């Protein structure tokens, strides 16, 4: 039933603009795969190429091993869930869901039965005869999913379908989507700019920037072992320091920055002499009253945010470099005050040197 | 402000009287038993002008012709205007500007010019004057009204719906029939109503293209010019009554729809 | 174009293009080209058509420019159509303002209903109504005599008076509705803001409401002028011996002389007049064609 999707060196150009640049990825049957990236990174273009609304300039799209070149959207085993859902406003809920069957010539009684069955699947058993405008945001979401499932697609394509919902509903729908995917075993390809969604739901995540696929990996690898500076900075928070690689010692290298020389590990494809930056996650930056033996910087606390389950502290060192550190709130932690003198201390294992651009998300989000 | 509002209300009332009183005078004359249509002097109440009108076979022929022409005009203008609106809605740039100008030009062209050019062109193709030419001449500008109405409605259409339907496996024809046209029906309906009325009351285009056939407007016109009798007033009264009935029916329906929300 | 193909597929796109092409080519462009072409050809008996005498010339237009009467009629048609347009604007503007900003919302549907009836009553009947009213022994004179306002019946249909009265009555609604739509779209807060800043009512109209209603005025002016200049019914029914309208001369060529060639030359002059008027209005009001035709 479910089919894999293979993108083979796919490129899409609009005039001189290259929206998708030589992307290759092999999505397995039954997998929940997310394309994650900022707006304009080309992820929606990839989705539209898979669904057949546009044809790639170069490269092949294969679904279930079959080359899809020339096949129009209505000839592909895919179903797309649109960002705005695109429910048909003039049809009642059940006709929306059964539309894919109607155009395939299924008779009315069968369509109705199938629609009701799907409404039960998405937990909306009484909505069949309602108008679309009578539904809440979350209910519309479910109807859109049911409508897509009705045509028994091998691949479901989801274009940021949760972006219009409020935070609570969004988190609820994440679990729901995941559950439906597991139940139906259909391949899900999910587009989002929200790292939380991608990491929480997906089997694998592909991070995109400027039309290029930066990294494809399971969620924990995306977070723990980012392939480059863009992935590290787009997914999660970081302390970022610029400097030069100066020496090597026991698997780690030393990295000289204006704030001091630190030991760190080399990221993938980074070698001595490369223009790299040091990335350190806030949860690995410990705020200490005493200086450590190595990888330690004296700082002054500038801001403290008590978030409940953790405490986030902003600080700055003598050179003006800012740091953010997070500590779990175990109930006994002493919360520092603004202006307190502390030390940022971290393990060289947790600091990684990466090349490449940094995401601008901290600026515009 | 109060005082000026009162003046505005008064002005509006006077304007309504100015618009409606002439129609009342004209309609009232239909019941006056005077050979020349007038309400003054009032000779006496009569219904003989209605009876004369009823017996006037020329009027019935003209009436039938008018309805036939109007139906044909609507039947041709709706597909043309709708197609043109869909076409122009999915193109952009200077092609769009040129096409749009060509499409609205007939609205801004005097009816006499449309009538004469239609007559000349089809004559060179050996199509003689007649009601069919009146239909073609009227379509040239009524299709433009339909196009404008449908185009306005298309602006509120989410084309994502078309893509969603295609993605669910619908053919292009199914998308048109099930998704796009249902969205356009209100505009198409309004276009049909306006086109029908425009056609019925058209005179200028019809005059030059009709050949020897009569339509109601031409019939009234020739009656007024030659032997004027109050049968014309009787006809006018009936037409006004029909118009009023349609307008009220439309309004009642509109209010019912508004209430249903 | 490719967008159209993607959205509707080849067959439907072809149908859309064919329908539009039939309309624009067969009903709009080619007829006008033929009108233009015929206006340069002489009027000949059928057996001489295509013969040695059938050559292009400016003779049909020279007929016009050599006839002081025809040129006179043309000029008076322009002058009185402009006058009608102006009167319609003066009558309609306060009404449009009233309907969009003063009248309580609940009476608007009823107002529209009352205005739609005269709008949908045929032009021939509307002119006929005034033909009755303005008659020498008609109700208007009788009423005025009865009220003692006049002592002798007034010959209303004299000069261009009857024509102007009829045209204003027939076309004023074509001025009212576009201006109403334009003022309707003006945020009432802007008017209140102007008044709040101490602007007297006439300055508020001059600086805020009139500029905003420009597209509506342009649209109304174009429609009223075109309909007036091209009117056949009103000038025929309400004209006096001294008021001749340009469309009547076109009719003479077409029906009495059966000279379709000179007729097309004159029709073409009327078309040029309307085109020039549209261009002038677009230039003066700085609006686009899409603002006028809505």
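Which chain is which? They are A, B and C, in the order written, and residues in each are numbered from 1.
Keep this in mind: a contact is a pair of C-beta atoms (placed from the backbone, for glycine too) under 8 Å apart; a residue touches a chain by one contact, two chains touch by 3 or more.
The structure displayed is predicted, hence computed values, not measured ones.
Chains that count as touching both chain A and chain C, per the definition above, are B. Simply put, of A-B and B-C, more C-beta pairs touch at B-C.
Greatest centre-to-centre distance from chain A is found for C, with centres as Cα means.
If each chain is reduced to the average of its C-alpha atoms, the one that sits nearest the average of all protein C-alpha atoms is B.
Mean C-alpha positions place chain A and chain C at a centre distance of 61 Å. Averaged Cα coordinates give chain A a centre that lies 57 Å from the centre of chain B.
Per-chain Cα centroids separate chain B from chain C by 16 Å.
In chain B, the residues that reach two or more other chains under the touch definition are 171.
Looking at chain A, residues 53 sit in touch with two or more other chains. Residues of chain C that touch chain B in their complex: 1, 3-4, 7-9, 11-12, 15-17, 19-20, 22-24, 26-32, 34-35, 38, 91, 94-95, 98-99, 102-103, 109, 111, 113-118, 120-126, 128-133, 135, 137-139, 142-143, 169, 173, 201, 222-223, 226-227, 229-233, 236-237, 247, 250-251, 254, 260, 263-264, 267-268, 270-271, 274-275, 278, 289-290, 292-294.
On the side of chain B, the complex with chain A involves touching residues 158, 160-161, 163-171, 174, 178-179, 182-183.
Touching chain C in their complex are the following residues of chain B: 4-5, 8-9, 11-12, 15-16, 18-20, 22-23, 25-26, 29, 37-41, 79-80, 83-84, 86-87, 90-91, 99-114, 116-122, 124, 136-137, 139-140, 143-144, 148, 152, 159, 162, 171-173, 175-176, 197, 200-201, 203-204, 207-208, 216-217, 220-221, 224-225, 232-233, 236, 239-240, 243-244, 246-248, 251, 254-255. Across the complex, chain B is touched by residues 51-53, 72-74, 78-80, 82, 84, 86-90, 99-100, 102-104, 147-148, 150-151 of chain A.
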